[in-house]
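You will see subunit A twice below: alongside subunit B first, and alongside subunit C after that.
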Partner chain A sequence: MNPLSLIVRTVCNVFAWFMVIFGAYIIVHGHLSPGGGFQGGAVVATFIAFLLVAHGGKRLLGWVKEGLFSAVESTGLLIFLGAGLFGISTTFFYNFLAKKGGLFGSVVPLGSNTGVLNSSGTIALMNLAVGLEVVAGLSLIIVYMFKGIRLELDREEESHDR
Partner chain B sequence: MNWQIHLPALLIAVPLLGAFAAPAFANRRLRDVWFTVMIAATTVIAFLLWRRVGAEGIVVYVMGGENWHLTLPSGMRLPIRIIMEVDAFSAFMALSGSIVSFAGAIFSLRFLDRTTGGEKFVALYFLLTAGMLGMETTGDLFNFFVFLEIASVASYGLIAFWRNTPEAIEASFKYMLLSTIAALMVLIGVGILYGRYGALNMAAIAKSMQLGLPEKVALALFVAALAMKCGAVPLHMWVPDAYSQAPAGISCFLVSVSQASLYGLFRISFSVYGRALDTPAVAWIIIVFGILSMFIAVVMAVIQKEVKRLMAYHAVSQTGYMLLGVGVGLLALAHPQAMSEYGFTAMQGGIFHIINHAMYKGLLFLTAGSIFYASGTLDLNRLGGLARNMPYTTVMFVVSAAAIAGLPPVNGFVSKLLVYESSFAVHPILTVMALVTSILTLASFVKVFQSAFLGPARARFSEVREVPRSMLVGMTVLLVAILWLSFMPTWSLSRLVGPAAQALVDQAGYIEAVMGSGL
Partner chain C sequence: MRGWRIFYLLGLMVMCGLFFGALQDIHPFGEPVEPAMDDYFLERAQEERAVNNVVTSIVFDYRGFDTLGEAAVLFTAVTSVVALFRKGGHER
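Then we have the complex of A and B:
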């Protein structure tokens, strides 16, 4: 893909970050509002798609470190599985953090309320883990698909705007 | 507390851990160790689970519950959590599948040396194992769909593992298309049942099952989708491509993964619907699927010239025996007298054939992989005289070919005999078709044996050597299993197959394990 014009690139440089913030919001509020790790992760991964469209594939490949993404993906999955295995003294996937205080363990008051962000125990932790996994996984998918297209076309890229 | 209560969860967790950590092992030697250790651990867990189910009856496990056996939390009429429910049939399938998975993994260690991307192969292989075992042990319909998807997605990647060949990409794409359709049909079926009963647990649905139009639609969707996934004619078109293009270790394992769909078909028709089915239509559909699969696929197999494609058609054909056997059992389910006269024998035959087929077809695919590894071709017109250079592979091939053709005393004979003598009671034509299929199977494997292994030594194969030792070990695992099943038929029937068939028939026991006897 060729880089687009200066206007598009500047707009991308500003607004791509808002997608990351919004995706992160969806991930951390996964246990309270619609969405969660997967949906938020998919939104964050549009960051890479933005960069690819605006700045072109050659520069994107210079920025992306595939090994790092792969490591983040595995880390997310291992945290998820680890959160399940930690509860195995009771049962697999037992919510051992809920109602214990601390970062994930606030007790939710009875009756209608707006939701407590650090309640829900391992569910929030697993949302974060899935979020990490999906961000890295979908970013890698975008990169690999782009590489696949380049293999298919088998020609050098050229810019039209500089 | 006894750690063995967690076996159903560990059966899923261990292969998932293997998959998630696999990308970290860039070093080839470490990766091989990780692959072997984790897959061996999975097999041991499956064996322990099978032994525990044999001793204690149905094992349940509530995921994330306050207690592993708290299936109905106080005041609830329906189970709300994901429940693993492992009865003798599930444990039998998990044991059979994990043995094949172990053999395929050991075989693949050296097989992959010639390619890159080994860590992705290992990760996908573990995911496929987890998906298959999950399908076979879960007691929850939606969970079944999830594991079905995990297994399918892992197999797309593995079938197209040699992505530089356009045929592999095509096979994977075809499988992806059909699997997606099948998975969506399963999902719609699950949705219909959820809408009717507000539950996803199989036992809970089975308890309140009233056969109406929505239930019939859901059943039709399940039967069509799962028959497609297990590769029964007329929905078999993905099988020859997928099995013949995948690496040999994967072809071997895919046989067992398709059998997990077969498991789903039997589980849904026996345990979820079971006695609520008042017509013999479903049983006859399964029987007709079986007959068509047996005969059409074997006719297609006889004319093939490529070894793995020929074996893939036989995989379809052998699935027909299982469908026929268990279909006859389903036909007899509502009539206790018919059940004791021939139905139970037919189910034993069909279920025995599942494990037999997993072992000998797995071994056949591995020998095909060895032929390819050593000689670089699978074309029967070019092969010849390999018995001189590859004596061990030849022995493995002879035993497994005798097994698939149903020659006594090898294990295929026992299960086929059970199917013959029981399907005769329904209609003689079923037995005739099964016998003709068996003869044609023998004919096509005589052809393979003669053209690949016998004959004069070919000059272009003078450099061919026996395959590396680890590949032989992988094949030996399956050879031992075949010989065990062959020479211990009474033990196999009474300890392995009989309880599994009994568990499938005993719908009330399946419901009671989750729902209790009250309500």
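Then we have the complex of A and C:
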């Protein structure tokens, strides 16, 4: 995929970061507002697709590291599973952090309120974990599919030379 | 070719009839038939799990095992895509 014009690349350089911030906002506020790990992760993963379209595949492949993405994806899934397993003394997926006062442990007032960010226990933790997993996973899919297309194109060019 | 078209039209008419028949029995919006479980979640999510977003409390807490399955599905999808498109996977 060839890089697009200077105008497209400049707009991408400015506005791609707003998409990342918006996706991170959706992930972090998953327990307060609509959205969560899956939705916000998909928004953040659009960043890689944006870079691929605007800057072309060669520069993108120089920027991303597949091993790092793979590690982040596995870490996200393991945190999610671990947060579920930690409450096993009561039940699987028991919310052991809620209302304990520590991390994500605040008590929310009953009825409608403006929202407490440090609340909801493992729900916020799992949102972050799933967000990490979805970001890394969808980015990996984009990068590897592009690599696969390039492999096919290279083979076709080789067969033309023969 | 022409006979099949009549069959398709007949099938469409039967489906439309079934849909409109089902629409006669639909309950009004906002009045579920069995609201016991909905009320349980709506009343207890804030005091039990200290969370404002009841939908998230169901997805990640009360039905967390289901979300674990979703995350596993995504992981499997990524794994299969990487296995399919990885370098050197093509036979020469």
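The working rule: the second predicted complex is superposed on the first by the 154 of 162 C-alpha atoms of A that agree within 3 Å, B and C clash if a C-alpha of one lies under 4 Å from a C-alpha of the other, contacts with A are read in each partner's own complex, and residues count from 1 in each chain.
The rule is simple: a residue touches a chain if its C-beta (ideal position, glycine included) is under 8 Å from a C-beta of that chain, and two chains touch if they have at least 3 such contacts.
Computed from a predicted structure; not experimentally measured.
**Q** Who wins on subunit A residues touched, subunit B or subunit C?
**A** It is C that touches the greater number of subunit A residues.
**Q** Counting only touches as set out at the top, which of subunit B and subunit C does A:F92 meet: first, second, both, neither?
**A** Once the two structures are laid over each other on A, A:F92 reaches both partners.
**Q** Of the partners subunit B and subunit C, which touch A:H31 in the superposed model: first, second, both, neither?
**A** A:H31 contacts subunit C only, not subunit B.
**Q** In the overlay, answer first, second, both or neither for which of subunit B and subunit C A:S120 touches.
**A** Only subunit C is touched by A:S120; subunit B is not.
**Q** Could you tell me if A:S5 is touching subunit B, subunit C, both of them or neither one (first, second, both, neither)?
**A** Neither subunit B nor subunit C is touched by A:S5.
**Q** Quick one: is A:L81 in contact with subunit B, with subunit C, with both, or with neither? Answer first, second, both or neither.
**A** A:L81 sits against subunit B and subunit C alike.
**Q** Please identify the positions on subunit A that touch both subunit B and subunit C, taking each partner from its own complex.
**A** 70, 73, 77, 81, 84, 92-93, 95
**Q** Which stretch or stretches of subunit A touch subunit B in the complex?
**A** Within the complex, subunit A touches subunit B at residues 70-71, 73-74, 77-78, 81, 84-85, 87-88, 90-95.
**Q** Where on subunit A is subunit C touching in the complex?
**A** 30-34, 36, 38, 70, 73, 76-77, 80-81, 84, 92-93, 95, 98-99, 105-108, 110-111, 113, 115-116, 119-123, 126-127, 130, 133-134, 137-138, 140-141, 144-145, 147-148, 151, 155
**Q** Over in the complex, which subunit B residues touch subunit A? Could you list them?
**A** Residue positions touching the partner: 6, 9-10, 13, 16-17, 19-21, 23-24, 61-68.
**Q** Provide the residue numbers of subunit C that touch subunit A in the complex, in ascending order.
**A** 46-53, 55-57, 59-61, 64-65, 67-68, 70-72, 74-75, 77-78, 81-82, 84-87, 90
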